[in-house]
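Consider the two complexes below, in which chain A is the common component and chain B and chain C are the respective partners.
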Partner chain A sequence: MGDLNQAMIEKYRTNFLKEVEANVEEGEWVKMCMQCGVCSGSCPLGKFWDHPPQELFMMIRAGKRDEVLSSDSMWMCTSCYNCVVRCPRELPITHIMHGLAHYAKRLGLVPESQPTAAFAQMFWDNLMQKGRVNELKLGLKLYFMNGFGDGIKVALKHQKIGMGMLKTGRMSPMEAFGGHAVKDLKGFQSMIKKAQELEDQRIAEHGA
Partner chain B sequence: MATRQYSFYPGCSSQKGASSSNYLTSVQAMCEELDIQLNDIPDWNCCAASIGYAGGGELPRLTLSARNIALSEEHNPGQEIVATCAACWLSTREAAERLHEDQSLLAEANQALAEAGLKLKNETPIKHMVEALIEDIGYDALGAKVKKPLEGIKIAGYVGCQTNRPFGIDGESYENPRYLDKLVETMGADSVPDYEKKVQCCGGALAFSEPEKSQEMVKGIIEAAYDHGADMIVTPCPVCQMNVEVYQDQINQTYGTKFKMPVVYYSTLMAVAYGRSAKDAALNGQVIPAKKLEAIAAK
Partner chain C sequence: MAAEKKLAGYICTGCGIGERLNVEQMRTIATREGKLGACKTHPMLCGAEGVQMIRDDIAAGEATHVMIGACSRRSKMEAFSFPDAAMSRANLREGVLWLRPDTEEQKETTQEMADDYIRMACAEVRFMTVPSASGEQELNKTLLVVGGGVTGMTAALEAARAGYPVHLVAEENHLGGVWTDLYKRVPFRAAAADVVGSKDIDLPQPEDPGVDALAERIRANERITVHLNARITRTSGAPGRFSADISTESGGTVTENVGAIVQASDFKPYDASNLPEFAYGKSPDVVTNFELERLAKDANGGPIRRPSDGKEVTSVAFIQCAGQRSDKPGHLPYCSGFCCTESIKQAMYFREQNGADATVLFDDLRTPGAAGEDFYRSGQQAQVTFSKGKASEVVSENGTLKVHFKDLILNEDTAMDCDLVVLATGQVPNTGPDPYAQLAVEEAETEEEKDAARRKLENAPPSILNLDYRQGTDLPQLKHGFVDSHFICFPYETRRTGIYAAGPCRRPMDMKQAMEDAVGAALKAIQSAENAGRGAAVHPRVGDLSYPQFRKEGCTQCKRCTVECPFGAINEDEQRYPLFNESRCRRCGTCMGACPVRVISFENYSIDTVGQQIKNVDMPDEFSEKPRILALACENDAYPALDMAAQAAQMGDGIELTPFARVIPVRCLGSVSLSWITDALNTGYDGIVLMGCRRDDDYQCHFVRGSAMAAERLSKVGDTLQQMQLETERVAVYEVAITDIQRAPQLINDMAATIEKVGMNPFKM
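Let's look at the complex of A and B:
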């Protein structure tokens, strides 16, 4: 993926906004931002963002490619849609944040040990296995994300929650063995493979 | 034949042994009383919720929802899709709208669907269960089925994010939606109309990856309910329900609070008010028991 990053740098050298417009989900909306800051003020985790959405939009226009794509900020989006419904220009801000995060992932620029980047990837990989999310496996994988020792500590911390979920039938150890799945798994997986190929191809052509 | 039929998208968390299996149980009881028949979309798949975006690009994620809609159009033709999970509803409806606006994305999605022998017509309305209840049936008809009014219970309506934004329920505002309050009152309980945290985010999927940040928000949601003298919180979203209910012990440890606030689904309330048993209302699915509902169900 480092190659794709290099190709994109060379292709769009002077114009990061154009790169975002062509390659980031809903990126063509970025230029519409009028810098009012309502999005930043509406974000539930706004105080943790190094660069709130309004700032990211201006940084994109200012060509601050590295700072934007290697930022931790868009990974803090909770998908609450507060910014989307309040934006006076009706920008799909949530989607642009997801789009920037995905594009950074695609180019290999996500900051090391970003927890939501890791969890989001686990979620996707989990659902790709069987076509449906296996909550038990996803939870266990999350616990042991930072190695076995740490995982045991996390698991112990969550033990009471786990017992509560087991007792109420909202978690099942049986899910460790196979678990729920779509019946046409072959069709499902070739469908997603095709979608990924089409998208990869489209983006590779932009970098060519 | 049932009065109403919908093509039903239950979603991953509703499955047996999953985190909102209790939601599905109470929805089934509620729908039986309302003479609503839910026809599962055969072989539905996960929608990727709002957190699949790291691994899944736009097209693969849209294709996930496109498959569900295509299966619904093939097997449950003419039936509107209803989802009980807020994220399922949002992803599916967003995908339908996006693929409606962008013909080249639609062409690509159909190329991918062809690998599974499917084709998207994309002509099906997609509703949340609450939308179906309120817009298709209406408060009066919902109230007419009440056998055991939930008298003397004060319930804070926690709407959260994704059943409210960006689509919402017809006629409601984003900042102060009133539909849960109206539903609570329709079931004979007391609402908390000025519950100031009703549209506060709980952290969503970040409850897993950023637990401290998420729990700080959840703390506010619960605290405000106590401030208003609420006996319990009601929500329409599986992620809201889980995040607000199951971390209360951890929040108590972190903040020295003494929270023990039951968090139920609207369908839990309705199943009890419609006279169904505690089991049918899935009261046994509460990690924090809703004792006041148990008492009414036992009457």
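Let's look at the complex of A and C:
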């Protein structure tokens, strides 16, 4: 995807705001931000963000493409919608955050080992295999994300919940071996394929 | 006074007066002590029947001087309006009843208060005469509008529309003034409300400036005479009979007689050569917001080209507050209030006509006016980039400009390249020399101040009105060269009666506001001309026929009245006696307060009308434990505040006034004669409270300087007290606003507490 990134840089050159408007979901709203800072003040996780939404919007206008797209900030959004409710200009800030994250992912600019991004990828890969989420596999993979030792520790910590779920039939250990699929797995996969084609086409027309 | 004085009193027994006070006793006091010929009572004096009773007595010649004991003089003004009689009013309802608790043990002191107010009102009316116009008045409906800009044109059109002929004088050879080059103007209207779907549909866009259309309407209007290339070389007279010499560049002079004048001299664009840091003058591609309009007009809808090489502009930066809101020498310390919307508009030119990147570097973006915030959104929608940043330097290198600025959101020093830089420069008032500049040099206390005042005097701009008043050629100024005018309470009033300031010469503003201002000033000018025709005062004592008269034989030619009159109403005659211009006079009485020999008086307001009120109270002896506190309250703010306190008390607010207070309204604290203070102390008053309006830069004094003059004079009252071996705490001067409802009575109550501490006045008679 590095090519796409290069193509975008060349296409929009000076105007990152235009690039965001054309490529990011709800990106056309960014120009309407009036920099009041209510979003940043409202964000419950704001203090953990490198750049709160107001600042991201300012950086977009200032043409700070690399800093914005490779930022960790928009990945921190938990979709609480506090900012959307409070924005006096009624910007869909939450959606713009996800839009930015999505666009950064498309361009291959996500910071390495960004946990939200890593989990999203894990979830997607898991889903694609059988057309449904295999909770046991997803859970285990998540436990062992940071190595074997750490995984054992987390697993032991959650032992009680796991046993309870087994007992009540909420989770089958058999799922660890392949696991069951949706009824029409082929159909599901071709549906996803078609969606991907449509998306690529859209990007070819508007984006790159 | 040829006719015999017939004094008659009328006491109302309504509104609880009859129930709580001994009316019979007050009647006796009015006739015996007050020396009234008769005193009637009525259960509802302000009703049709009661008013008719008074009218009949006046008509029958039974009453030439009327004392009314009822509510405050500020209540029922329409009912108790008898133009053929002199009138005083004892404030029994607000002044006594409502501010006093209705209890048995308070009954005695409350009654004493009411009795005194009757005594005072009787004394006051005895020393009044019926006000009548001087007979010098003339009605001249023609107005003079000075300034051919949008403000002046609007004022002229509005006056003409109301039926008043206008002389419009423009310095330039065309109409339009500073806005002549305007390509488009900031929209006058907000977005339509409640647009379904989105707030951002149908936002206001830059619109036709309308300057040419305005000029066309002026030319087509037969009531308006336009004088181009012309200046006013002399203005003399007074409202109703101004005479103005209008001289054209070619040397011709015509003299026109007018009733009132509107000064709409607008502003001069700030001189950007004071801004070398932004490369103004070094690079032709750094222009001011005013110069940009010319470039946009030349482009006429096509791409705007930069001046240096005619290249189409692809990126432009706007530097807001250029040379403004800054204390640096040569900069304007104030905000000009129009440049933010102006820059948004101009940035939109570039977005639309050039497709260029347009960045507005602002510190505080403010968008006053109807379109305001909507217009800002309009700019955002057009993808104008708004960066909160402070520009420090513009560098020209190899055909591009580099703007260095501090990004205030991202907190970093950064720079941007562009083809053109627009400096959002401000408005410098186009006014004449400060008439008090010479006085400022004389009065300066330090050498530094003296130097500054002298520099101002030497660099004074040419006069605009050339008034032949004793107090200088032009309208007095408040700050930064803007014409003095109270921006909220009485915006068009200046300190020269009959001359009204409109538009940016009184404070910086945009075109829409200037046009609204012009309408207001035109209407005030019409009112002034009409009132002058009747010999009546204008704001704030609208319709007052009394005017200052003086006893020539007593005058010592000290000139204090001519110097201190805030309105320049008093000239000097050949023998150097004061020459009062009653139609320039606002009836504040500042001259009366200034006069050390007490020779100035009004028919219904004089040293005696107040002095006799002070004397005619029943003064209990030193051992009675009943002190007397005199409160002189300005009728514009302090007295209404006390009335409103009474209304609040009536509604159960718990406000009380000490029963030892005797409140006398004065026209302005500036009219207070020091003789009243010494007389009061000699008579035995234990404390004196003086309440005037807020003074100095944020003044609320309706006569602008009256309150300040009073403060200056009263600053020396402490010496008088010491000479009399009295405690200086016995006299207190306060600034009271009309909203000080709790505070105004409290200040008087505080004095009562002070008297308890320092003891009674030993000079009781």
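Following the convention adopted for this analysis, the second predicted complex is superposed on the first by the 171 of 208 C-alpha atoms of A that agree within 3 Å, B and C clash if a C-alpha of one lies under 4 Å from a C-alpha of the other, contacts with A are read in each partner's own complex, and residues count from 1 in each chain.
Going forward, contacts are C-beta pairs under 8 Å (C-beta built on N, C-alpha and C of every residue); 3 or more make two chains touch, one makes a residue touch a chain.
Just so we're clear, the structure is a prediction, and the values are computed from it rather than from any experiment.
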First (chain B), second (chain C), both or neither touched by A:N15: second
Contacts of A:L4 with chain B and chain C, given as first, second, both or neither: neither
First (chain B), second (chain C), both or neither touched by A:A62: second
First, second, both or neither for A:Q35, with chain B first and chain C second: second
Chain B versus chain C as contact partner of A:Q54, first or second or both or neither: second
Partner chain in contact with A:L140 - chain B first, chain C second, else both or neither: neither
Per-residue contact with chain A, leading partner among chain C and chain B: B
Which of chain B and chain C A:L109 touches, first, second, both or neither: neither
Chain B - residues contacting chain A, complex: 12-13, 15-22, 43-46, 48-60, 62-64, 67, 108-109, 111-118, 161-162, 165-166, 174, 200-201, 203-206, 208-210, 213, 217, 246-247, 249-250, 284-287
In the complex, chain C residues that touch chain A: 199-200, 315, 357, 376-377, 380-381, 383, 385-388, 407, 409-410, 414
Residues on chain A engaged by chain B in the complex (per definition of touch): 25, 44-45, 48, 76, 78-82, 84-86, 94, 98-99, 101-102, 105-106, 115-121, 123-125, 127-128, 131-133, 135-136, 139, 142, 157, 160-161, 164-165, 167-172, 174-175, 180, 182-184, 187-188, 190-196, 198-199
Chain C contact footprint on chain A (complex, rising order): 14-15, 17-18, 31-35, 54-55, 58-59, 61-62, 64, 89-90
